[in-house]
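Working notes for the structure below.
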Amino acid sequence: MSCIMVLAESRQGNLRDITFEMLAKANELANQMNLKVNVLCLGKNNESMAKNLSAYAYEVFSIDDELLANFNSEIYRKTISKVAQEHKPSLFFIGHTAFGIDLAPSLAHELNLPLITDCIEIIREDSKIVATRQMYSGKLNARVLFKEQSGMMTIRSGTFKPAELKLSGNIVTKPIPEEFKTGHASNFLGYEEVPTTGIDITKADIIVAIGRGIKEQKNMPAVEDFAKTIGGELACTRPVIDAGWMPKDRQVGSSGKTVKPKLYIALGISGAFQHISGMKSAQTIVAVNKDQNAPIFSVAHYGIVGDLLKIVPMLKDKIKEMKAGA
Amino acid sequence: MNILVGLKRVPDTAEAAVIPDSTGKDIIKDRLTFSLNEADNYALEEALLLKEKYGGTVTLLSFGPKAFEEVLRMGMAKGADTAIRLWDEKFTNADYFTVGKVLATACQTLPYDLILTGCMATDDGYAAVGLTMAAILGLPHATYVSKIEIQNSKAKIRRELEGGLLEVKEINLPAVLAVQTGINTPRYSSILGIKRAAAKPITVLDCAGLNLADPDFLAKTILEKLYIPIVESKAEFLEGAPDEVSTQLAKIFKEKGVL
Amino acid sequence: MNNLESISSEIREAIIESGGKEAFECYECGMCMSLCPWFQVGNVQFPCYRTPQNVRLGAVMASEEKEELAKEIAELFRCVACDNCKAFCPRHVDMGDIMRAVRRILAEYDSLPKELKDVASKFYNVGNPQGDAPEKRNDWATGLDLPIYKSGMEYGYWACCLPAYDARLKNIAISTAKILNTAKVSFGLVDTNVWCCSETLRNFGAEKVFKELAQRNVTAIKEAGINKILVTSPHCYTTFKNEYPELGAEFKPTHTVQLFAELIKEKRIVPQKPIKKKVFYHDPCTLGRQNGIYDEPRTVLQSIPGLKLVENPIFSREYSVCCGGGAGGLWQDWPKEERIASVRVKQVKDTGAEILATACPYCILMFDDSIKTMNLDIEVKDVSELLVDAL
């Protein structure tokens, strides 16, 4: 009865992308290992989520209860471990998200499974499962194995490409056991939005950063507009803070924030080492600068020598076109 | 209110080249400086703030060899009362479970109302020790905690979710809370604090002292090999008129899937 | 810094043990306060004159209150080790030593501004503040065909980390090499197995890291057989001359301006191309006040045809005002109203100078930044850069 179990992650009734990313990887491995993929879906009014998930799994265990409407690691743990104990998964995938990492260690302990967190690759090698995870903020990769045959993994968001599948899994609806319905040591009270003044640029996936090359405050709307189009947060170097054009919490550099976004677009930033130390670990760095010898180009992956004020509006239009076409 | 805080000493690698050593299981450390793990520093500060507000004691725990006393002393210089270092030669090849188990065992011998840790260490980024300890102790827990308010025997907490959302929760005490960086502003040590901390004893507990038997703390995972991932180097310059380079760049964004 | 309610003999003893015993010589005249460069910066009154008094009382960092501590740390780490206070103290109190003593205790417990801690880590890791690869230390010389120092050569040239790795500053090292070649000076580059001189580290309190890196340099220079070391940065100069001997160093430093002045005197180089500009020479603290080298850079500049040297007697030579880059100041980020460099640049601009010349890479970075921020029309150049243009 062994299987690969995937915990679907949803928030406020919507399945999150990480669910499909994990399911893609789980199905890929399951084919190699001759296992079935089962998915757990916990929530309230789960019908449409469960139906959606049935295309990606052999069985969908849907546990539908008012108590599961919002994530609560305690109730989730008890409920999930009951199902998992019946199905004894070889591998158990959970998202390495605020939701998943709050749950995985205690669930792994309860199921007596070893845990490997924040995995960015999982392969089967000579009948062993080998996980790759990053250490030292991505400066090293580590190959990590379970001591036993089976185990739990939390999976980093955005690592695996979701795949379109057309299985027609069985939806099994299960109740939440009565004994789990009371006596909780923790309770969900609600969600709150982080106040917008306190945008944390360290958490942004895309950062559009500006430096001295912006020249005048009247040029700000152009880059603001561009950042909005590309879906990024604006950040800057110290001179822009000095000029009073942006708040201090947007500063990148040794005396500001250290950021590691997926994409960092440096506009008119020459690249003083104080600035570079705060952004050089970004996954993709694009620099636009008039000076071909600007040090920013030594850390950039793509460079454009030119005037940001000419390139930015053009690039904005191209991206708009591309998004409209996609 | 008696608070236990778990502290880890980590190498400062944010700016440094990190190179695997000859065993491939650890890194070359002789050119690295070390610090208290960033998130743990916030956990420590949170404990000190709660102590200032509600009285009680702050006890520091650290799993590691002698050098880890450095971070315990830093914590005592800032105002923690006592410190315990947990170490035994048998703990080499420790993983998250070993550390969680040893910490939990030490906690069981101490009085506490709250246990605080950082949400993640900057070296291994495992993010599981605090909550494993909670699981072993059978305590309620939360991670990525960005605000703690004590209300009688409960804590009302906020924790950070993705996309700028906070989850508000109520948790019975005692509990394990793994705090997020930025929850407070960590303090500096005073010279007097430093002098006092230098003179304070640090309790050291090994397997025998903890009454831990061999299989109980053995690692559940194997770190087989560390290696430097292949990264792209040097800028590729895009050339042409603004219109052309913009088209090229937009295409690259699409291919790389960053948009 | 003046929390007199909570005083402690333990604090006093700790600071004295760490090197601050001269605090007892102070009789609180307040001279140092009026001389501190921070005194010229808007509302900042860095109260260094109280420091000796507070050391004697054991009142430095005596408060256990978090906000008060943070304020005191910020103030204590303002000191840029310019030694203006020491130079004019009627009791010859070495305030630098006292500040260093206090910082040493704090730095050992990571009780220092984060920027400085990060810089210390980088020094320790790769031996330069930029965090660049040690083996790239001589990359600035690519294409210049300069040899590594071999026995028999006269000078080992030590470019300093800033020119070695910084895109703007490497022109100083290149200019220097060209001048040396023109004058047929026998020299080779110090190999890449050395580290930052670490002068700045010692001044902001990272004593352990300083000692370890400096010791490695002493060994490497000795093994290379270098007796005369030519330096571009007066920071390297002052620590090599005044501090390295305590670690067993036997080599003697020469600053480039000293050698250039000599080469001009001996007519081994003759500046011929005119530079028709008004030039103000800024005396770096580490070259002027700390080592008395005032005339040589002026000799070099005055030898350039057409160049008009302007002075401001109130703020020149021993009265020079620090750029703010010393003792970790380069990595600290004060709001723009609180920058010593801006005060200095304005003083210089007011003399009508078109070029601010100096002989220190720290000063150049600090001034360049302020000039850009203040949008002033004045250029900053190293003496070597002007000299090479005149040859």
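Points to keep in mind about this one:
By written order: A, B and C. Residues from 1 in each chain.
Quick note on the criterion: a contact is a pair of C-beta atoms (placed from the backbone, for glycine too) under 8 Å apart; a residue touches a chain by one contact, two chains touch by 3 or more.
A quick note: this is a predicted structure, and the numbers were derived from the prediction, not measured.
Taken pairwise by the contact criterion, the protein chains are fully connected, each one touching every other. Taking the mean of all protein C-alpha atoms as the reference point, the chain centroid lying nearest to it belongs to B. Set side by side, the interfaces A-B and B-C show unequal numbers of C-beta pairs in contact, with more at A-B.
Chain centres here are Cα means. That of chain A falls 45 Å from that of chain C. If you average the Cα atoms of chain A and of chain B, the two centres end up 21 Å apart. Here the CA centre of chain B is 37 Å from the CA centre of chain C. Among all residues of chain C, those that touch two or more other chains are 118, 131. Across the assembly, chain B contributes 14-15, 17 as residues in contact with two or more other chains.
Among the residues of chain A, those touching two or more other chains are numbered 277.
Across the complex, chain C meets chain A through its residues 115, 118-119, 129-131, 165-167, 331-333, 335-336, 372-373. If you check the complex, the residues on chain A that touch chain B are 11, 70-74, 96-99, 101-102, 104-106, 108-110, 114-118, 130, 133-148, 151, 157, 185-194, 199-200, 203, 205-206, 230-231, 258, 262-263, 277, 283-284, 286-287, 297-298, 300-307, 310-311, 314-315, 317-319, 321-323, 326. Of all residues in chain B, those touching chain A in their complex are 13-15, 17-18, 20, 27, 96-97, 100, 122-128, 130-132, 134-136, 139-144, 156, 158-162, 164-172, 175, 182, 219-229, 232, 234-239, 242-243, 245-247, 249-250, 252-254, 256, 258-259.
In the complex of the two chains, the chain B residues touching chain C come out as 12, 14-17, 31-33, 35-36, 73-74, 77, 79, 185, 187-195, 197. Interface of chain A with chain C (complex): residues 212, 238-239, 242, 254-255, 273-274, 277, 293-295.
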